[in-house]
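Read through the structure below, which is laid out as structure tokens, and then see the notes.
All chains are identified by letter, namely A, B, C and D, in their written order; residue positions are counted from 1 within each chain.
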Amino acid sequence: MSQDTTNASNNLGWDPIDPHGINPHDEAHKGHFVADWKMQISILVILLVFTVLTVGFYNLEQWAETAFEITLPKWINIAGAMSIATVKAILVAAFFMQLKYDKVLNTFVMLFCLFCVALFLGFTMIDLGSRHLVDPERAPPIVAGGTGVGLNAAPVDKKFSLILSPKVNTGGSNIVYYARLHGNEEKPGLLYYREKGDEASFWKKFYGAHASGRDELDERNFYEQLGFTTGTSISDSNASHPRYGLTPGLFSDVDPKTAESQDDGH
Amino acid sequence: MMQTLASAQPDILQKLIFGETPAPSEAAAWSDGLFLMITWFSIFFFVLLMGLMVYFTIKYRRRPGVPAQPSPHHNLLLEIFWTVVPSSSLIVMFVLGFQGYTSKVVSPDNAMELKIQGSKWSWIATYPNGATSPETQALSRVVDNENHTVIEGKQYPIFYLPENTDVKLRMMSTDVIHAFWIPEYRTKMDVIPNRYTGFGFRTPILTPGDTYVHRETGEVMPGRDMWVFCAEYCGDDHSRMAATIRIVPQEVYDQKMADWSVKLSPIDAGIKIWTQLCKTCHETDGTRLVGPAWNSFKNADGEFGFGYDALLEDGSSVIRDANYYRESILDPNAKIVKGFAPAMPSYQGQLSEEDIDNLIVFIQSLSDRNPNAGQDAGDAEEAGSDTEAGSDS
Amino acid sequence: MSTLEANAGHHHDEGSYFDGPPGMMARIWQWSTTVDHKKIGVMYLVAVLFMFFLGGMAAIGVRYELLDPIRTQTTEFVNAAGDIETVTVTTGESLKELMGGMFGEGVSGSQIYNRVFTLHGAIMVFMFIIPAIPAALGNFLLPIMLGAKDVAFPRLNLLSWYIYVVGCLFGVLSILLGGVDTGWTFYTPYSTTTDADHWRVVLMVMAAFILGFSSILTGLNFVVTVHKLRAPGMGWFDMPLMIWALYATAIIQVLATPVVGITLLLLIFERVMHIGIFDPSLGGDPVLYQHFFWFYSHPVVYVMILPGMGIISEVIAVNARKHIFGYRAIAFSSLGIAGVSFLVWGHHIFTAMGELAAILFSGLTFLVAIPTAIKMFNWVATLYKGSIVINTAMTYGLMFLFTFSIGGLTGLPLATLATDLHLHDSYYVVAHFHYTMMGGTVIAFMAGLHHWWPKMFGKMYSEKGAMLGAALVFIGFNLTFFTQFFLGTQGMPRRYANYVDEFQTLHQISSAGSLILLVGFLVHLFVFVQSLLSGDKAPANPWGGLTLEWETESPPIEHNFHKEPILKHGPYDFETTVPPHWDPKDYPLPENAGKH
Amino acid sequence: MTMIDTDTSGVPARILKSPMHWRNAKHQSHWRSGDEEFDAAKFGMWLFLSTEVLLFAGIFCGYAVFRMLYPEAWANGSHSLDWRMGAANTAILLFSSWTAANAVRLCQLDKQFWFKINILITILCAIAFVAIKFTFEYGIKLPEGKAPGTFFSYPYATDPHEPLWWSLYYIGTGIHAFHVIIGAFLFAFVLWRAHRYQAYGPTQYTLVENSALYWHIVDLIWIFLFPLLYLIH
């Protein structure tokens, strides 16, 4: 890079037409690339065909699973969908975005960016997937702490607990098939029953027949909110669960009201 | 058996860097040695670079009319040399560091497991027999004999460990991320709410010089104290989240285990929970900390203590009965006493029903409206068992 | 011996970029709507220095608090009646006594301390050190050094300044509302749960998010400028090393910052909606946040240090009147650092991550040491057989070599797994990154500021005053932070307002050092103000530099050059070229010039 | 730069003389030529697109990590989505991508009318995409209780980690829909300028090109989001 300065005047060392020496023979200097409409429309058709393919593949798989109970290994599903997506992405980038006809630099920018994405995903997954290696106990997840607003915890804010989410015992089958089987999925869930004014019977059916129950208290409290009892008796001690109001105290109390109700409890 | 890089007798540099006491375990000594090795490596290169810099700066200082002497603009061999030589020593560092890491993170199968629970802002250690340590000591203790005063800081738990034993920590947090750091073992690990983390160490064999002073009796006992600090920032009292690990002879440890597994009376059990969890924020002598104090008293903010009305943020008032305390423990933000921040975490899932009951008995005992007043200890215990019966019904 | 023909004659008919229309309002309007990179650079400089002042005050506050540990103590004493009384007192709440009213009632000393150190970290990282060199000095210098009239997208440049200001306003607003206590890293789940009934934390996170956009746009602008706007004749390897450094910096800014954008966005969602991605109670992973955060924030430490390294390359070469040793090695090591910076973020999480990942990241982390070491050797080798003058910029340059090599070498035990388990999150780390960030970036920034001050403002400054300031900064800095290495190894954790008794002496030395540091910077402030008010007119090329910015006047004219400059010599050809605006008689060239 | 000599007889003089008209537009003074300016703008746009990709990388990373940890929840979540809506939106975006590319081509050829029509179709596609997303997806899922994080209250949930899936679904598709809306505004601006001034033509179409590039990257991200969310289980 130290230039021979003595003859700098007659040998500039650079091309006056293309001072940066970036693209000495690039088309761009004579006019920008104009795409061919036939090519563009055929790319669109190919992309749509690929979309149909990937959706078809998905449905085929579903059909095989429901009709013949053939469950393909997971990687086939992932590899199929992702490789089609990759091909589609390459087509869009190369032809619609004209990377094929553009400067190599732009392609390089995208590739380096994808390399960073790969690093990011790869290393993060290595960490989260390998925590159990030395000591199996160190694998996630155990659930505690944080905001404390998990589904099982006492709500910090009442607005988070408007609708409870009990567990459904599906007997091991997939929830969607289970729901379809029982005809519940077709109707839009809770809201449907609430609007029809038939919610009580829904929950009665729900708890009576299917629910294994996320939390006994949730069930009971939900029934209470709806205005009827489940018939299950819950001890006073448990009833003082703080989620939906309080129950009598445990020791002889200063407040006569709570003392009374404690007597009732015994 | 791994060979240590550091000598058993710490030299001056080692003392300057890591303090007077020698490393308590081989793994710690190894990492000290590695640190010193890296330090010497660094000193070598630092002196080399700075020496050359100062020498050049003086030798080639600018003199009027004297031009800079031409010299090569680059020298590939030289550049390769000073790239490759330090790089290869980096490989050595990596390998040794990896080795030391393994010895800290992996512990033998027969190691004694100590469960550590971190929460804002205290540590609880649970021993294999289910006991937890009720003993505490202060960060600093000054006895002023002339004025008959004792000055003590906040109380921190003491975790007793037997000498010459492999210990494995299984740690978990109940709220935010903490880190359990034993500086003398040169190891820390984050304590995370969604999984167990841990490391291991071997307690040293006590030497005659290892002693501590018993807090109450003032006796000099054999043992070795080590600080534990929370190293991951966790909020207001992060800097007060400390504990002591006390290495004691096996028989002392066994005695402690035997003592602690005795069932406590409700009030004592309450005191124990208070010391472990609540004391950071609630005093019992009327002092205002993050939360209100628990004893009964009156001041400008209103009345405090069991049986008295609490003034709430919204202007209403509610009587402090057992229910109030129960709710405040499980759902602390439901009722906030006027003038205090909604800072308390929920203890849902951390305290059993019995724990809560015991805690309430203790809170009641602090009030002059104690409903259990007049009953002796036996009665208090009866009250406790009554409740248990109640909860079974 | 060709001098440049482009600017052979001085044209004084074209005014400097500083000239403006008469009238205060007209000038304010002109500056606030300008697309001139020089004006934008100066505006950045002013904003950044103001933020440095705020962050510095917070730092002094932190050191003031640490003179004494905050200690709640119980005293038993015998009262007049002969009974034993117990009194609980809290001592050492220095900051609370000083400024407790600012944070409202019922805030404890520890809480104030937590807010002040968060303030220091957040301001210094997001609002000072990231934009300091690239956005302030870089904006001013990059186009001139390339021989261009402006950056590639001047309006975008102005936009990124405004975004920066809006971001700063968000941050300051959050402070005025009472400050945040999350630490500048916003670690979950603490940051999503603390201060739950307030918007302060969200505001601060928003500030960091907005500042990220400013950083991206500046980086994008610089990358395109370097690619497309180099002066005729300037190939990639004719660029000054400052440009290489800024180029590498810009690449990191463009590629890393979007990740922190989405991270902070997720954090805001997490806080206001509890979406659960980082919340363990919903199955989220709090350490995932740390991965997200450090994927940006590790590369970003090179955004902070790389431009500093660029400045040092310039300052040392010019003041040693010497061709930089191993130009290509330095240029490629800048790119190398940029590349490797994306591979090593895990070393911030060694104590929280799985063992396999920790080992992987430890190995990769050592890679960073190599390009940095190459640079150090090259800078020292550049001094060999030079003609070295010690002015303020050069003093800071040599100071950089001293402090930054300490900072770099003390990083080795942090990359080594076994020792990092001890040193992580201790004062050792605090000392290490202050040696790299303050001893590296801030000192390089001071070197650059002194080196280009005459060019930027057209005024010389008092060399004696500046040297005094530099000496004070050097002493104060080392006193403040060298002690902290020992605090760390002996067991003092970070972010502690309360500590055990044996650490107090070292803390007090450190606090004393911080005062000296403050005085040093005040001396510099005084020198700069005095220079602006009554400094001598600066010549076009006071130090004899060969890069293009020395060919135009001081301060530069509106469009930088009278004629588009054509590059005829390399940036460091001191042996063969008489610098522009210099008399060849005053500038002896070596006898056997041009042989190398 | 090739000057395509197009027929300007039908264009009113008011527009032809406007400084905004593409024939009258000049490059900024710090560039040597309009060509270089165009190249730089395009390069800058590609850099910006790479930042967009990295922005979405955060969501993809969250998806990948939690999919690895909670495969059951992910399978359930993906089964709860309606692939027909996803496929319809994919087709809409692909088609609009084609019209955007077409718009660039027609602009290069100075076919102003068809150029504007193509831009208009692209905007309509954007609106259709967002409308489908909001009415047939969010509008149905949210009342069922399939909401993000703690708002989740779907009664048939079998896995406790399903709220996480919905969080990522809403944030991923939400941020994507936000990008679609930005793209629509960008094209609306282009359309307005094209209509008002004929601002874009063979020598002056930087903004058209860059808007189209932006639109394609939005499309690209959806090409990956679609199988990840709807098809992989």
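Note that in this section contacts are C-beta pairs under 8 Å (C-beta built on N, C-alpha and C of every residue); 3 or more make two chains touch, one makes a residue touch a chain.
As the structure is a computational prediction, the values presented were derived from the model and not from experiment.
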Chain labels contacting chain A and also chain D: C
Reaching chain D from chain C through chains that touch each other, fewest steps: 1
By number of C-beta contact pairs, the top two chains: B-C
Where chain A and chain B are represented by their mean Cα positions, the distance between them in whole Å: 37
Distance from the mean Cα position of chain D to that of chain B, given in whole angstrom: 52
Averaged-CA centre spacing for the pair chain C and chain A, given as whole angstrom: 38
Multi-partner residues of chain D (each touching 2 or more other chains): 39, 43, 47, 50, 54, 57, 61, 65, 69, 150-151, 160, 163
For chain A, residues that touch 2 or more chains besides their own: 2, 19, 105, 112-113, 116, 120, 124, 128-129, 131, 134, 138, 140-141, 143-146, 148-151, 153, 156, 160
Where chain C touches two or more other chains at once, by residue number: 189, 193, 196, 227-228, 255, 259, 274, 279-288, 291-292, 323, 327-328, 355, 596
Contact pairs between chains, per stated definition: A-B, A-C, A-D, B-C, C-D
Chain B partner contacts - residues on chain A that touch it in the complex: 2, 131, 134-135, 137-146, 148, 153-154, 156, 235-238, 240-243, 246-255, 258, 265-266
Residue ranges of chain C in contact with chain A within the complex: 1-2, 188-189, 192-193, 196, 227-228, 230, 232-233, 235, 237-238, 255, 259, 274, 278-288, 291-292, 295, 323, 327-328, 342-343, 345-346, 349, 353-357, 360-361, 566, 568-570, 573, 576-577, 594, 596
Chain C-touching residues of chain D, taken from the complex the two chains share: 28-31, 36, 39-41, 43-44, 47-48, 50-52, 54-59, 61-62, 65-66, 69-70, 73, 148-151, 160-161, 163-164, 167-168, 170-171, 175
Chain A-touching residues of chain D, taken from the complex the two chains share: 1-2, 32, 35, 38-39, 42-43, 46-47, 49-50, 53-54, 57, 60-61, 64-65, 68-69, 71, 75-76, 79-80, 83, 87, 90-91, 94-95, 97-98, 100-102, 104-105, 108-109, 140, 143-145, 150-158, 160, 163, 212-213, 216-217, 219-220, 223-224, 226-228, 230-233
Contact footprint of chain D on chain C as seen in their complex: 148-150, 152-154, 216, 220-221, 223-224, 227-229, 254-259, 261-263, 265-266, 269-270, 273-277, 279, 282-285, 288, 291-292, 559
